[in-house]
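In structure tokens below, several structures.
Consider the two complexes below, in which chain A is the common component and chain B and chain C are the respective partners.
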Partner chain A sequence: MNIKRFRKELFSRSKLRAIIAIFVFLALWELGSRSNEWFGFTPPWIGHVPAPTAVLVAWYALLGDPGYWQSWYLSTLRVLAGFFAAMLIGIPLGLFMAVNKTFNGIVFPAFEILRPIPPLAWVPASIIFWPTQELSIAFVTFLGAFYTIVINVVGGAKSIDVRFFQSAQSMGSSQWDVFRRVVLPATLPSIVVGSAVGMGITWEVVVAAEMISGGGGGETGSGGGLGFFIWNSYVGGSYEQIVVGMISIGIAGFICSELLRKLGSFFTPWLKKR
Partner chain B sequence: MNTITQNQSTATPNSVNPKQVGEIKVTNVGKTYGAAQFAKEVLKDCSFTIERNKLTVMIGPSGCGKSTLIRLLAGFEKPSSGTIEIDGKRITGPGRDRLVVFQESALFPWMSSYDNIMYGPKARSENTQQNRDQAEYLLEKVGLSAFREKYPPQLSGGMQRRAELARAMINNPDVMILDEPFRGLDCMSKELMWEYYSGLYEESHRTNFFVTTDIDEAIFLADRLLIMSNIPGQVRAAIEVDLPRPRRLAFVFDNDRAIAVKMEALAILHQEAMKSFSGGSKAAADFVEAYSKRSGGNGSAGSKKPE
Partner chain C sequence: MEIDQTVALLKRSMPFQTVPNDVLEAIAKLARYESYARGDVIYHQGDFADDVYIVSSGAVQHTLGIGFQAIHPEKILHSGDVFGWAAVLENQRSRLAKTVCLERTELIRINGEELINLFKASPETGDIVMSRFATMINKEYTLPEEVAGHVPHFTQVPVTVATGLTLTMFRLSQWLKSPKPYLMLTGFGILLATWYFTVEVWKLPRFVDMPGLTEVFKEWFSKDPIYGLSIYTPEYYQHIWVSVRRILIAFFLATVLGVPLGLFLGWSKTFREYVFPVFETLRPIPILAWVPLAILMFQGSETPVIFLTFLASFYATALNTMLGVETIDESYSRAAACLGASKWQTFKEVIVPGAMPFIFTGLQISIGVAWFSLVAGEMVSGEFGLGYVINTSYTMVRYPTIVIGMITLGIVGYVSSALVRVAGDYMMQWRVRELALGGR
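Let's turn to the complex of A and B:
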């Protein structure tokens, strides 16, 4: 019964289509990469990319390498440090900006001037600002998530239906009570959205920051984070490892987003139950 | 426990001993939005009384300032001129003696039905056993016991309105103010809600002020019917709807007195609606002229009673 259902699920039309698409993609990639040794000519672009099977082999070899896992660990650490700092500062700041007009009037202009500066433009300045490389990378990832979180929190808190405040007020709510039981839960969905987008940006930013700053790693290149891992593989001419690094970042970003989504729907149970 | 027995005793119709509170006096109230040449006068010299322990229904053309009036009564906004008093006290801000049930639902979507109903008591740090029992009693009363843990988006439109009525009632306000609460419901659930709501009213005879644009709804529910003029809003007429209670749909819509009241109200509303048309464009004026010719010619329902 269960197996039948599983099989039905697995071979449902849309699933089947997805699986076929992935295999065709991999097959074309393999064909393109190997056409030099198989057919004697190199097609543009794809001909210079290592074949998926070669990537798999390289990846398999790396699984036992502590340096590779160290890269995962370091990048994740930097992303989380920047991300949580952005949440910790961005959410209260955004809420306060939405609630207090005077504060908003003071802070918003400066915020809007700084916001269009891409986080990566901060890399050199950040290296000068902060005493350690680690801190400067974390700062850049912080910036990546910070603006998105603040903008979303402000927008979410400002768009709360005025009737919610009116009902709460006439039922005898104090200001603190309105904040705790109306403003916070009403803003929560926007906080979740802002965080999810912010998380995506931190992964983009951390990789670039590690490449530019040298990742703070030693001479060997191990321990520089996934961004540095890719850069180092490029410098060392190990093209398979470049692809391994790229896919690793994709996986890491996916896991983080997925966890965040799960956490978000745990905190906003009323949204999914329609 | 105490509250429950109290409520059950009031549950028998016509054996009522309601709180003698909730008389609202509106005197020469005006409300203008914007300044100088952009000013828009929504209410002008508006005076009327919401009588104690009666269900007063206000009906008027759309955009006549009914919602503005409700915001003033609730204390969310202040009148530009004139005074509003409840039981002799000036209204200066929102208070739990006057609770508003809003158009569509203003239930908090992030709280279960039960938590929504308990919002008021918790806000005032009155999370007592008595209030919790009262919440359960009200859930039962509005037929939502099985839905106590559901979130508002999981409830049907009618259920949401009933949950909102319960959320207001637990605070035991002196006056309930309802701003087109059944708007947007389908025809069937709307009529069911009328019977349901008037049943709730008949049990408590709490002072109720109900605003609507639906003439059938108004006549079915009202003890007293106030008819608003066009903008700037004023009360044009007050009609006592002396139909017996409890009210039932079949009875009310097959009753000569009800039909007479409806005709009387429609005649006034019709005049007001015409005014708003002729105040507008040339095309609207032509339409009004054509309409009045036609209805004058064959005497259609709308113009049977010109005055």
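Let's turn to the complex of A and C:
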């Protein structure tokens, strides 16, 4: 029975169509990339991209390479460091801004004028400021997630119905109780959303920061990370590895976001019932 | 209520704000004080309009009747707000709205005819008050000019409806009286002071390498900049223009391609089942990981940067548009089909307008991520542009120029998002008006 349902699920029309679509996409890609050797004609754009089969071969060769896994490890480490720092500072700051009007009035405008500066524009300044390259990459990563998390926390806390506060206070709850029983549960969903979005941005930023600091600074080997791996493959002319790197980052980002979503729904079980 | 208190309340209200004190006292003598409980109806639509009301405390819900073509028929009034202005209109002696108290409310009422008679004695003041009434009716109650045109005037000079400037000035003065601007200045002050003191006065360890506040601003506004980039050099504007042009091209392409794709993805199930999986497989790859591949695919230095910017905007626009189509109530399409609409008509009349709000949300996100990836693209490859300025200033050790580039980027980025938001609000206004008139 269970197997039957599983098969039904697997071979449902939408799944089938998805599989067909991806195969067609891969086939077109292969055709476009190989058309130079097969037909002696290079189509624009796609003609310069390595073929999927070539990418698979390159990937297979890399699986046994410790340097490749080292890149995974380094990037993940930087993402996690930046992301947790952003959570650790961003969530309390956002909550405090939502609770205290005066503090909000002072901090929010200053926060808002810094926000339009893209995190990557901070890369050179952060390299100058932080003593090690590791710290400067982590700082830019932190900035990427920080803005999103703070904005989401403030937004979530501000949209709480005033009546919840009033009823809690009229039933004699202390400041701490109001915070613990009203503010925190009400903002948790937006904290989860903010973190998920922030995680996505963190991966974007880490890749670019690794490329810029590695590619621009010329400190070969010391940087590491998947972004650096891609850039190095580009400089070294092994174009298949660029695509391998891109897919690896895609997978890593996807896993992180999914884990975060699972963790989020674990902390906000009441949202599932709707 | 004391006369002084009434005068103070009148001074806080939009129409009476600029009236001289002696006239205000005369008006205050006309005022009667009343209080209502929560849920009380002050008047219904169509009642005889005798008095003008000013809220002293509490909250009143003001609902304009259908047929007056208000853009926003609902309005909540708080302390200092004026309503019941039908009592001072010419040729209008019945209430246009229904008003209900939302909580315990205290207010003063002034007889409209007595007020008009009082202004006949001081026509100049009367005209100012009445033109402010007209502005208020137009802007605050969003009623078209015909209604505001009924406002009487006393001198021979014809009264025109005041422009929004009066209202803007009023809001500005209210804002200046609140603590907000001072807190804001404190915040900016702390930010700039931290920068100044840590770098240039105390010379704290790591901070001393950073470009300082005065150094950056001297360079930025210098006629003869040391590192060659300030508001007086043409290169500065050339870099800004190059970045803006890239954004414009990428944003335009992303909108032109992303909106139709999103609409079709949401509209046709078959199309979505075939196309969306490919879209979803490519999406987790960060835009910035595309940089080297983009350089390979598009030869040269200009196209790769535009492609990256485009890609980021494209995802945001297409996804939000699709989401917008999905949120449209199925029954609208069914109703259209029942009335004999063809597939194309349903698409044009139901799907496209229904997805509008989401499309604009998407465009706002899209312009943000466009700047985000433009900077990355310019830093890694490309000649000219603000990202390029920041990166080369670093490699050439022109540190103050880095900060000039960052600040400029922030300003230009902010202005472009604001423009998209204003454009969206403008289009939405049309939609809101349509919704409000929908009940007619």
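In the analysis below, the second predicted complex is superposed on the first by the 265 of 274 C-alpha atoms of A that agree within 3 Å, B and C clash if a C-alpha of one lies under 4 Å from a C-alpha of the other, contacts with A are read in each partner's own complex, and residues count from 1 in each chain.
In the analysis below, a residue touches a chain if its C-beta (ideal position, glycine included) is under 8 Å from a C-beta of that chain, and two chains touch if they have at least 3 such contacts.
Here the structure is a predicted model, which means the values were calculated and not measured.
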**Message:** For the combined arrangement obtained by superposing on chain A, do chain B and chain C clash, or do they fit?
**Reply:** clash
**Prompt:** For A:Ala196, is the partner it touches chain B (first), chain C (second), both, or none of the two (neither)?
**Reply:** neither
**Message:** Once chain A of both complexes is superposed, is A:Tyr234 in touch with chain B (first), chain C (second), both, or neither?
**Reply:** second
**Message:** Once chain A of both complexes is superposed, is A:Met97 in touch with chain B (first), chain C (second), both, or neither?
**Reply:** neither
**Asked** Does chain B (first) or chain C (second) touch A:Trp130, or do both, or does neither?
**Response** second
**Request:** Please determine whether it is chain B or chain C that touches the greater number of chain A residues.
**Result:** C
**Request:** Could you say whether A:Ala138 touches chain B, chain C, both of them, or neither, answering first, second, both or neither?
**Result:** neither
**Message:** Per the contact definition in the header, classify A:Pro109: touching chain B only (first), chain C only (second), both, or neither.
**Reply:** second
**Request:** Figure out whether A:Val183 sits in contact with chain B (first) or chain C (second), or with both, or with neither.
**Result:** neither
**Item:** Region of chain C that runs into chain B when the structures are aligned on their shared chain, from 74-82, 182-190, 236-244 or 254-262
**Value:** 74-82
**Message:** Give me the intersection of chain A's contacts with chain B and its contacts with chain C, in residue numbers.
**Reply:** none
**Message:** Show me the residue ranges of chain B that touch chain A in the complex, using the header's touch definition.
**Reply:** 74-76, 94-96, 98-100, 102, 106, 108-111, 119-120, 122-124, 150-154, 167, 171
**Contact footprint of chain A on chain C as seen in their complex** = 179-180, 183-184, 186-188, 190-191, 206-207, 209-210, 270, 273-278, 281-282, 284-293, 295-298, 371-372, 375-376, 379-380, 386-387, 390-391, 393-395, 399, 402-403, 405-407, 409-411, 413-414, 417
**Request:** Write out the stretch or stretches of chain A touching chain C in their complex.
**Result:** 13-14, 17-22, 25, 45-46, 48-49, 102, 105-110, 113-114, 116-125, 127-131, 203-205, 207-208, 211-212, 215-216, 226-227, 230-231, 233-234, 239, 242-243, 245-247, 249-251, 253-254, 257
**Request:** Going by the contact rule at the top, pick out the chain A residues touching chain B in the complex.
**Result:** 161, 163-164, 166-174, 177, 181-182, 185-186, 188, 268-270, 273-274
